[in-house]
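Shared between the two complexes below is chain A, which has chain B as its partner in the first and chain C in the second.
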Partner chain A sequence: MDPAQLLITQNRAFPSLEYVLQGSIQDDSAHLLKARLQGLCDNITGEVEQFDDHEIVHTLRIPGASNVSLRVRYALDDMPNPIYHLRYVASAELDKSQSVSVRQFHDCCVTKNIQSFLQELGFMYDHEFFAKGDIFRKGRMKITVAKISTLLERNRSDMNPMQIRRPLTASCFVEMSLIGSMHDDKVADEMKTFAEQLKPLISLEKIDQKR
Partner chain B sequence: MVVAIVISLPSGSFKSPAEAAEFYLDKLEKGGAKKTRPFQVDLVSYTPLIPNSKVVHVLSHSEYPASSFAYAEQSNCQMLVADNTFIALMNKLKTLRAFEIRLQKMEARGTRLEYQDFLINLGTVNQSQTTKGLILEVAYVPMDETRDGYCLIQEFLQSFLNMTKQTIQRLITDQLSNWLRSLKDKKDSEYTPSITLLQYLDILLAMRNKPNE
Partner chain C sequence: VTIEPCLEPSVYEYTLDGEKIKSTQSMSDHFTKILSRMELNDLCSEDSIENSNEDERRITNGGKNAFGTFLEQMRQANIEICALHDILTLVMSRRYFNLFSNVADIEENLNTGNVRQQRDLLIRQSQDIIHKSWISKRTSARQAADVLLSSYERFMKIINTTSGNLENFHVQLSNLRQRWKIRKQTNTNKYLGDLSFRSAGSFYPFKMQFEVTKADSHKRTHNNSIDVIIPEELQVRVILKIDIETKDGQILLRTYSTMMANDTIMNINDNSYDSILENAQRTVFLKELFSQLCREASDITNIIQPTVMRNSIKCWILSDVMMTISLLRTSEFDPSIQTESTLYGAHIGLLEYSLCALLRQQFLRNFHYSQLKPSTLMLGVPALRRIAGVNAFNYNQLKSISENKSILQTIIELAQHQVIRARILNLLNNLATNCDINMTVNISAFSSTTSTYGRVHLIAPGYDVLCRWSYMFQIEECQVKIQYKSHLVEFQHHVEEVQRFFINQIACFKFTIACTLAKIFGWLVVGSTMAPTVGRLSEIQFSAQLDHPQIPTSIGIRIGDDLQLQVAVRKRHERNDDTRMDDDSNERIGGGTKGIKYDSINLDDYYGISTLQKFEMFISSLLHHEKQQ
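Coming up: the complex of A and B.
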């Protein structure tokens, strides 16, 4: 098979797994966490990478089965022509023996008309939120400390960066994630040991589906 | 960016589409075009299992190996261009029983030729081992502007393959003629690869509905 055909078929079935730990920390102590992370993580330039994203979740109701959600995310810094990311995350696998949550995901970069495309397919707007914060990296791990906020009123146009935002809670959402393949046992231990180092400030745990 | 025209070549006068392909390939090579590598265009259609949803066609083109093009039938929106992991996402939706693949996959396979600034893709269209027809894509690489590019490609087809202007106008797809007509009022008529894929979609869908010869 020539290289072009190989590329086309290679990406057809690629189940990727994401190992996730989540937690939250009060706003007042967030700076302590950031300072500690800055010390522990890979830090090339000395400046912390910031992000400001808008995420919109669309859901499709399948009769006879559970709902499917697709997330459309883009960076507000990229305006006026942001790159849209389409993401599908499955619900975390229930595995009591694992110390971290494992979930399958699919990621895709798409063009701007993704929202109208999804609506044509029958996906309905579910909810949206803004996430603004910092990203820290350590080896294969990525830790995000973000402030989640929502709009005071829902604005249909996606070209308005000056929307009024209201924070959802008085705390920051922290997520540690790693992308790996199946049967990567050491990953879970790696994440858990790192989480231990952040212990008194924040306790990162598996995703609790019930909450 | 390129400007391209995709047409389905008439193969009625030949014994089989394969022979027609040979004939055209010969003609192009004698004219000076050089074979480079094989090319392939795939079409997979997903039919929805839920009400209020539309059929989704996902195309991939070997000239743009890192992208997939998706189109929802009977919708007003343009083609969605995504990474080629998009097809994995559609397959996931298939496993979740939102969509299923009921219609057969269509493939156009052939050779890619180069003649100076032109890129020619000539291939046969197959639907699960039955050959349905011939497809030809001629692209003029350096240009972005549709109207001028279209005229240039018309001249190329006239000289290389002895096609008259009327034949070409008859053979170009509805999509392209609609696009050309809509450009009359606009000042900038930038051509995008998604228009090439829209033309492919039109032709492949027509061939799928055509009964086997």
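Coming up: the complex of A and C.
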């Protein structure tokens, strides 16, 4: 194969692992965390980037095997034609030696027909939530501080983005993620050292399946 | 406004020998009193509360300096709060100090029946209790004081020792870390720092790490116990030099930029680590800027193609003007070369700021940082883009390829504009100083770095009402547009054309105003020639013949080569003999051409400050003669 093709296949095969650390912080201390992250992270444009997403989870129940869940996510402020992002995340590998959670994932950008398409395939609506907050980035890492909320009333045909939302908890959900390949050893250390810097405010930990 | 919440236990104040004083003021009153004493203009306290002791009076009467007073008061308050905080911490730990709740007021426990006896008993009991509790409080307070004193002595010992350079090294390292990005490398004991602009989005591939180590014993001085090692490429200082010169070798601009506050003074003796690191970072910046310019110079989308040679970029910004941008090392730079025009002062600061801003714009583009909508999209660049490289275009950029200006293009356009503007304004200046009518040039405040707007007014002094011409001009990067009397003229590339245009206009103006003046006195323009545009200065033709119904003299006026008004007269023998050209008396010397002969008049014979005034005198003298006759 000529070098260009080789490069393409290599690049496509690589990133399928996501390294994740999660945590939560009370609402009234969230501004402290944001200020800290703003100081520690890359600051290219000078402004903190905000996001406002709606995520819908569809599940396919297979009798005799574990269920498959697909997540459909789009940005509410990307109207009129938002990009829908379809993601499959496997459960995190139980590896005690790793200091971060590692999970495989696959994703793809789709159009808005995806919801009806999934229904045709047999996926059923499971649950949905809204996430609104800020994104920070440091090198390869992406840190999101989001407030998760649900709808007060479920009305799927109404795509009005100004629906009334009820927050799920009195805290914000913080997730640090990095996309890498299997050969990246230093990734976990990189994430862990950065998590140490946020230590007294929030402690980011591996995903605990039992909770 | 009250600040104390409800249901809070009241605060009692005890003097040193156990006496209890119940403060009659609530907390908010106390607070307002303190605030009112902190009036910055007040030199003496207004109210006297129970403890107006020596210290407080000194504070409030102290220095004439209002800020000093304020600072002193804040410091005292801070000391008190710190002490209180320490005591409260000790109390909370319950090991050295215990506070008991207040003994309830006796007055509130009155019951009926056997009041007096009960009251006496209660009073005695409570006094005993108070007395005992006070003794225990004093001993525990003494214990707490001992703890505090010992810790204070320990800290003072640490601060006062100048033991070993280990502490000093860490102290200095932390100082340095406040200004520069320094990280400890894991597995080794190295402290590495980063001078690059990577967190701003730069992708410059050169190594820009420096190392901070403990100084060797021979370099260790009283102040410095750290040593900063910079890579070799950054130890040399570089200068960015910009030259603009014409084909004939005339230097229009030569400027140097080192990105330093004071440009020409390079202090070699300044050895503090901050300045060393700053210089290294300046070198990084200039190198990166120059490499970016070189990369843009080899871009095929450029209209003007610059050439890159060794360490300089050359580019023809106008047909006869070349701009050179080069990166020199300080060893090659000779400050003793005499330069004709150097920018200094505020201009250098503006130049450097603009360079930084342009480079930052480039950094932003480098990242292709598209917004993550939704937030779960992958960070960074997709695979195919990564292959295409940093300068790859995406669809939108391809569509607007001509709108994205690179740094070099911006610089070229600015340089073009500056050169043309300088030339045209110079030209207008020369014309204005040399012609004897008033030519005012106004430059609009709305001009920008790439286009200048302005007006030119032509007025004859003393005869403002007669004639007043205005021109609006707009200078852009390569062309000049002039608008006058509903005409719009464009000149491209040749500044001489603008000069001829204005000379022509001045000539026309003088001619027109002379004719207008004559018309006021009753003269009529019988015939005239006007050439609206000229190819050469010798071709200026403005001439007219003026006749008066009651004066048998014809006047011919003409604008000569030197733009001066020339006047000639001719006596008419009969009324309408202008058409007779083949008169004997009209033979010209030299033969050949037949024409009407005029006798020239020297306007200097007449009184007047300007030529126009002399002309006016001349005309009125003719009329006067006629009237006399």
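Methods note: the second predicted complex is superposed on the first by the 195 of 211 C-alpha atoms of A that agree within 3 Å, B and C clash if a C-alpha of one lies under 4 Å from a C-alpha of the other, contacts with A are read in each partner's own complex, and residues count from 1 in each chain.
As a working rule, a residue touches a chain if its C-beta (ideal position, glycine included) is under 8 Å from a C-beta of that chain, and two chains touch if they have at least 3 such contacts.
Being a predicted model, the structure only gives us computed values, none of them experimental.
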First, second, both or neither for A:D53, with chain B first and chain C second: second
Which of chain B and chain C A:I62 touches, first, second, both or neither: first
First (chain B), second (chain C), both or neither touched by A:S116: first
Partner chain(s) touched by A:A75 [first = chain B, second = chain C, both, neither]: second
Partner chain(s) touched by A:H106 [first = chain B, second = chain C, both, neither]: first
Chain B versus chain C as contact partner of A:A131, first or second or both or neither: second
Partner chain(s) touched by A:Y88 [first = chain B, second = chain C, both, neither]: first
Overlapping contact positions on chain A, where the chain C interface meets the chain B interface: 4, 7-8, 11-12, 107, 109
Residue ranges of chain C in contact with chain A within the complex: 186, 199-201, 363-364, 367, 369, 371-380, 383-384, 386-387
Chain A-touching residues of chain B, taken from the complex the two chains share: 37-40, 42, 48-54, 56, 60, 62-63, 65-66, 70, 72, 75-78, 80-89, 91-93, 96-98
Residues of chain A that touch chain C when the two form their complex: 4, 7-8, 11-12, 15, 42-45, 49, 51, 53, 55, 71, 73-75, 77-78, 82-83, 85, 87, 107, 109, 131, 135, 137, 140, 142, 144, 146, 179, 189
List of chain A residues in touch with chain B within their complex: 2-5, 7-8, 11-14, 60-65, 68, 86, 88, 106-111, 113-114, 116-117, 120-122
